[in-house]
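Note that subunit A is present in both complexes that follow, paired respectively with subunit B and with subunit C.
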Partner chain A sequence: MTGLRYVYAVCRPFGAPLQAQLTGVAGAPPRQLVHHGLVAVFSEVPASDFAEEPLRAHLEDLDWLTATARAHQGVIDALTVVTTPLPLRLGTVFHDDSGVRTMIEARERVFRRTLERLEGRVEWGVKVYAEVSPEQAQSGTPSAPAVSGQPVSGRDYLRRRSTQARAHENMWQQAEEFAGRLHATLCAHAEDSRLHNPQNATLSGAAGRNVLNAAYLVPRSRSEEFVELVDRTKDESKGGTPGMRVELTGPWAAYSFVEEEQT
Partner chain B sequence: MTQPSPMAGRLPEPYGSGGGANLADILERVLDKGVVIAGDIRINLLDIELLTVKLRLIVASVDKAKEMGIDWWETDPALSSGARRDELARENAELRARLAELESGRPRSRAHGPEEAS
Partner chain C sequence: MTVVERREVALVDLLDRLLAGGVVIVGDLTLRIADVDLVRIDLNALISSVNAQVPSPFGDSQ
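What follows is the complex of A and B.
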């Protein structure tokens, strides 16, 4: 019995081999299916996990989702080293090879156009965090007065809250200005950019609050320059604007740029 | 583990922990970005959308997020209950203030100003 086809990406034929030990989702090695001069990179996966019902159930399971997302990204990462892949959204599954071929035929023109547009480009992720100092965090705790043992009137409590709120407001304003300047600088060194929703700390495990979460499309040939630029702003943020932290991730496949911008 | 590839030298070393990125970085890309194609296995994309929304909702707390100006859920029709949650947060703060007042040991009569308490 054969399994289903989980497709990671579509790309142009590439000469270099993928890492021999690379495993994809469900621990299955990625394979290539060439059709109409395009390559679909896929793994054969068991229907017991990837048919409609089990897949739907799995998607609600954060552990399964995490493992699958990392495996998916692992294959895309490996492809990014040797070519420019068009990553498909997680969970794109077909019954068999002919289903994959049909999909390629139906989308051939768009695939080629997008591959042309993104050829030789990668995505860099830049995030800015505003870090609250321990004292600020402490004073922000409503139970603080009770700890000190001093009774506080409701009015005092509310007054303190509003002072804190003003201090916070200043901090966020500074953070926003810093993030805005950085974004403008980076845009000037990128071909395209996308702003994503700020990340929540529970998932990212990162300290501080995420005030900028952006993606930049940069040619490989200019990536080193781009990375150096971000590194310089990291130093700058240490000196000029305290409490700001800049984080760089990548190089990613151009996930955020596969759709043409809707204007 | 990872074999050096012939083209790896062209790109700077990957950034982030363990040459990768945090879970949020990965999920926001593999679930939210990328080419959307309806495969033979029809998982309702709406399900995925809801899932990512659920994941994002683990935001520490609504009022903290609001301080930062993160209020995307208010424009998200799937999350219209956000307004109610905000209401709860405000009510919570008011209750805390009232509790602090009561704990200060003042008599229940509110004839005098709260200055007396301190």
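What follows is the complex of A and C.
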């Protein structure tokens, strides 16, 4: 037993077995360690990859990070089917079983309280993008005549530039108002919410600027309603506020809600 | 079992949760990887990888 313990989540004991063919990080099957009535779900991983130094180096490797993140998420997803897991951050590694037990003992009360709070809840992610069409970005407002190649006077040029700037400003203002309204509506249908930093377009490869990147905690039983609400907003955004795109992800384990409320 | 169809989750969405969310356990018990620094390290790694993989902004249209 020379492997380290990579812990995915802490849960209450669950009756149903995990899928037999499920593999976790490093291709290792997830196992359970029961202590003080809580379950730590972990994989035994090689120290050559998961000790502090190699792990740090690996995290700089996008392919490795991708594979590990997907494997981690695969286990969390499987747990979400049978219970409400309390997910740990990627890369939480212990030396041995006794390290895992000590961690459970040290945090037992918080774990129980958090599991109680999250029981039966899932997280939904909602993002809003404001899309600027290339023409708009380059040649001003959509109503500006497309007279490329024609000479313009300095005054016309300046006028066009200022119209363009105003249109741009209006667009961001509209985008922010749209996102603000949507967030308020969704909050009214969720138990809790968190705002994540907007995603960098270089990383996401998504078109447009990410103006809202939020997570909502919703009881499983009310998730269908929540999804329908977001879908309706998508339709509205197509009609009412052009250039807005709404994206929904989930259901996720409640990653964004594991910390106690901070106000 | 899920309400919406499952499609492959985008890596950024995943990392928003796995690197910025989840219970952080630090201290002598762990190898102290689950640290806030991680987010910064990885985003740097991601940005440089993305830049390396996509030399031209017009190369790839998704």
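Just so it is clear, the second predicted complex is superposed on the first by the 235 of 263 C-alpha atoms of A that agree within 3 Å, B and C clash if a C-alpha of one lies under 4 Å from a C-alpha of the other, contacts with A are read in each partner's own complex, and residues count from 1 in each chain.
FYI, a residue touches a chain if its C-beta (ideal position, glycine included) is under 8 Å from a C-beta of that chain, and two chains touch if they have at least 3 such contacts.
From a predicted model like this one, the values you see are computed outputs, not experimental measurements.
On the superposed subunit A, the two partners subunit B and subunit C do not both fit; they clash.
Touch criterion met: A:D61 reaches subunit C, while subunit B stays clear of it. Within the superposed three-chain model, A:W252 lies in touch with subunit B and with subunit C [touch as defined at top]. In the superposition on chain A, contact is made by A:Q73 with both subunit B and subunit C.
Within the superposed three-chain model, A:L33 lies out of touch with both subunit B and subunit C [touch as defined at top]. More residues of subunit A lie in touch with B than with the remaining chain of the pair subunit B and subunit C. Judged by the touch definition given at the top, the superposed model places A:A16 against subunit B, while subunit C stays out of reach. Within the three-chain superposition, the subunit B stretch that clashes with subunit C turns out to be 27-35, the only such case among 27-35, 63-71, 81-89 or 99-107. When the two complexes are laid over each other on chain A, subunit A has residues 4, 10, 50-52, 55-56, 59-60, 62, 65-66, 69-70, 72-73, 81, 86-95, 99, 103, 107, 114, 125, 196-197, 199-200, 202-205, 223-224, 227, 248-252, 255-256, 258-259 in contact with both subunit B and subunit C. For subunit A in complex with subunit C, the touching residues are 4, 10, 50-52, 55-56, 59-62, 65-66, 69-70, 72-73, 81, 86-95, 99, 102-103, 106-107, 114, 123, 125, 196-197, 199-200, 202-205, 213, 215, 223-224, 227, 248-252, 255-256, 258-259.
Contacts from subunit C toward subunit A in the complex involve residues 1-4, 9-25, 29-34, 38, 41-43, 45-47, 49-51, 60, 62.
Of all the residues in subunit A, the ones that touch subunit B in their complex are 4, 7, 10, 16, 19-21, 50-52, 55-56, 59-60, 62, 65-66, 69-70, 72-73, 76-77, 81-82, 86-95, 99, 103, 107, 114, 122, 125, 142, 145-146, 151-158, 161, 165, 168-169, 172, 176, 196-206, 209, 211, 220-221, 223-224, 227, 247-252, 255-256, 258-259. Against subunit A, in their complex, subunit B makes its touches with residues 1-3, 5-8, 10-12, 14-16, 20-31, 33-37, 39-44, 47-48, 51, 55-60, 64, 67-70, 72, 93, 96-98, 100-101, 103-106, 114-115, 117-118.
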